[in-house]
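Consider the two complexes below, in which chain A is the common component and chain B and chain C are the respective partners.
Entry: the complex of A and B
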């Protein structure tokens, strides 16, 4: 669904690249996570893929269309939910969706159905300017589905949403993916990526460091750990120990034999920990 | 493509109806036309007003009514009070066997002189039939002040069209919706045309309203619309560029007001300056649009003139377009 090879982009064309030699491919029906800290090149890549930024160097095929000579018809096949909500504040939620659906040349979804889906059914006739940040975000998310996209770009889809709504949004993404929609997810939230993505790419300093499935990454890079909390000389102590390294194992046995253990959990490495380990960078 | 251009226009219209500034801009031609009607006299209105004492000299009053607008009052005090008011009116009051002229002091010199002459004519019993003057009609059937104001209003409406375009684009920028539009099957050209339509239709509607309300119904409306259409190009370009380069409505509208400067300069040049200065204003598209409107409103325009003026406006606007087009394209990115 997406093929990118040797992509470069420089905003000032001065040899400083926002994206450098980026190559990857996204298969049909896949949820592909594009992960990295702010300024890593996530948005630049996404903007080139969606035609918002002009392709300077490299080859990009999106939904069967060459981005070098972008065709307006391509937009009938893709949808995009922006990180920053962008809806007409002087129009109601329904008017926003009604206007946007008429711009497409393909069969579109009913605005009422989409508003219901994102929990804004009772706000259909309220002007978007009166919405909270979270509600605007949900309206932007709903709008991205209006043309039944085959390829769905999601930029931080759960940012600013309360946990319950975020969970509903994740369920919608999973449901759409089950219908066959390919998802390109840009985020710095490793939990949502871990939960949703079939494969992830780590991008740091304009370059992709690795691409793999979260499961493989955990097997390859994750240590098996035990988190133990115990009382020593009246004081509660907490330690994280490896279940593979000999010294840690011996120390663990000592603790269990000598002290009163309060809690003990086996712990799998998170995607965030793997990201830090691989790239040497945090996600902030 | 046309359907989508229309769709963008209808969205803008819907939102404009909810915005006070936009509603004011749309209503402006009606308000201005009514204002012109209230403030300017018609071609047959006399500009000389006389105040007399009622019944003091009915024959004199009847005589003077042929030459001026006569108002009568019960006594000298009432005449004095009337003359003291703001407009141009002089009193003719008896003093013994003669009459004297009562004036406020700030009346136009011609009005007082005309009153003096009328008084003398009456005393000498001069009748219209006694004149041996030959009457030559210049064929002016349109009140000059009214024509000037309507012409200015028509040009001003085209600038307001640009202002409305800027308002609608700034709205898209503030709401960040341009990015969403770019990710729909609408080309940037279609988007710009859709956004520009308001700037074309407002001057057309405004001109028709102005011409209709102010009583210039006899003009050739097609000639008028040709001039209006070509003169909107410049406002349209400025509206687009200001809309795309501003994130604030006030800034955008304030910058569009810059257009008023060449517009005012063109009008002043045509109306007040001698022929030798005219060439310095030829570069202003509004100069030629004003000239075009003037001949149409005077109902003496030929199609040759209209095409000539339109071509000059088009040429000058093309130069502006060549300069601004790259900036407009960049502003959309």
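Entry: the complex of A and C
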């Protein structure tokens, strides 16, 4: 669905690249996470893919269209939810969606249905200017689905939302993906990436450092540890032991054999910990 | 259809905003000013400060001549303040002029400087006992006027009249009509409130959209950037046409050639709003763009001066687009206005407007994410 090879972009064309030699592919039906800290090159890459920035160097194919000679028809196939809400504040939620649906050449979804889906069903006739930040964000998110996109670009889709609404948004993304929609997710939130993505790319300082599935990354980079809590001489003790090192393994067997084990579970490394380990950088 | 939907959306948005009404309210205010403040004909009396360095008998002859035309048939003795000085003068007022007889040449010179009258002159007798005239001018008078002063006092006026009568005058057009002073103001109002307001207002619309990030959202739809820009131009054309007709119809009634006026309003409005789009594409907000927009407006206003002061019309001013625009509007309100001139001006604005629009379209495609 997306093919990017040797992508470079410099805002001032001065040799300082916001994106440098970036190559990756996103398969049809996949949720692909593009992860990195602020200023890493996520938005630049996404803006080039969606035609908001002109392609300077490299090859980019999006939904079957070459971005070098971008065609309006491409936008019938893609949807884009922006990090910063950008809706007409002087129009109601329904008027916003009604207007945007007329700008596509394909069958569009009913505004009322979408507003219901994002929890704004009772606010259809309220002007967007009166919405809270989170409500505007949900309206922007709903608008990105108006043309039934086959490829869906989501830029920080849960930013500024309370946990319950964020969870609903994640469910919507999962449901759309189940219908076959390919998702390109740009975020610095590792939890949402971990929860949603089939594969993730780590981008730092304009370059992609790694691309793999969260599961593989955890297997490859996560420490294999067991956290055990047991009672010894009437006292509760807690230890974290490696499942690879022989000494730790022997000690673990001793504990299980001699003492009363209260809790024991494997400890999995988080995506954020792996990101820091691989790139040497935090996500802030 | 997408252009139409965008236009309707813009109409909704602008009718709920501030700028849409500014232009209409301005038009109503201007109409009130035109109807109630500007007289149909300006009546202004020329002022002359005169010092007679002549024998009393000769001065009395002048007094006698002027008194015959004086409104109340008598002189008034008053004082005129000029800077810190008070000058005693004899004052006479006729239908067309105001005469001030001053007491010495110093007063004539100072009043020429401070009051800037049409004439400040000293009359004296030369060695041959002929009257000698000395004029204190303002410095901007044309050579033709200076030559006229020289001629009228050095040639026999009867001879001049005879020469003028013998000149063959052929009228190039006999069907021309004149505008009243009130009507004469309309071409300028149409140019600035009608056409050029678009330059400023479209920039304001663009910056509002930039602030809300709307351009980006529009750019990822299957609609083109040019349709987005053209829908904004369309709103400018609607409001400027409405504002123009609010002013023109009550003042001129059915006299103007309205279809021709509409054509010029549309083409010049298209030019001005395209120019506004190009300017706005270089800036992030109105504050940054303000100096450029302001400078453009100042340049565009200059032909206005030439329109009202016909003696000041340098060649370079004819290059400024508002120069032909004012004249074009004038032709639409005259009874037998020059239609072909207005059509040519309209064509010019359409062509330049199209070029500017193409440049704007290219710039906005490049700068959407910036």
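As a working rule, the second predicted complex is superposed on the first by the 242 of 284 C-alpha atoms of A that agree within 3 Å, B and C clash if a C-alpha of one lies under 4 Å from a C-alpha of the other, contacts with A are read in each partner's own complex, and residues count from 1 in each chain.
In the analysis below, contacts are C-beta pairs under 8 Å (C-beta built on N, C-alpha and C of every residue); 3 or more make two chains touch, one makes a residue touch a chain.
Predicted model only: the values in this text are computed from it and were never measured.
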{"item": "Clash-or-fit label for the pair chain B, chain C on chain A", "value": "clash"}
{"item": "Touching partner for A:100 - first (chain B), second (chain C), both, neither", "value": "both"}
{"item": "Touched partner set for A:51, first chain B, second chain C, both or neither", "value": "both"}
{"item": "Contacts of A:158 with chain B and chain C, given as first, second, both or neither", "value": "neither"}
{"item": "Which of chain B and chain C A:89 touches, first, second, both or neither", "value": "both"}
{"item": "Doubly contacted chain A residues - partners chain C and chain B", "value": "50-54, 72-73, 75-76, 78-80, 82, 84, 86-91, 95, 99-100, 102-105, 140, 143"}
{"item": "Touch list for chain A against partner chain C, complex", "value": "47, 50-54, 72-73, 75-76, 78-80, 82, 84-91, 95, 99-100, 102-106, 140, 143, 147"}
{"item": "Interfacial residue positions of chain C with respect to chain A in the complex", "value": "1-2, 5-6, 9, 12-13, 16-17, 212-214, 216-224, 365-366, 368-369"}
{"item": "In the complex, chain B residues that touch chain A", "value": "4, 7, 11, 14-15, 18-19, 171, 174-177, 179-187, 333"}
{"item": "Residue ranges of chain A in contact with chain B within the complex", "value": "50-54, 72-73, 75-76, 78-80, 82, 84, 86-91, 95, 99-100, 102-105, 140, 143"}
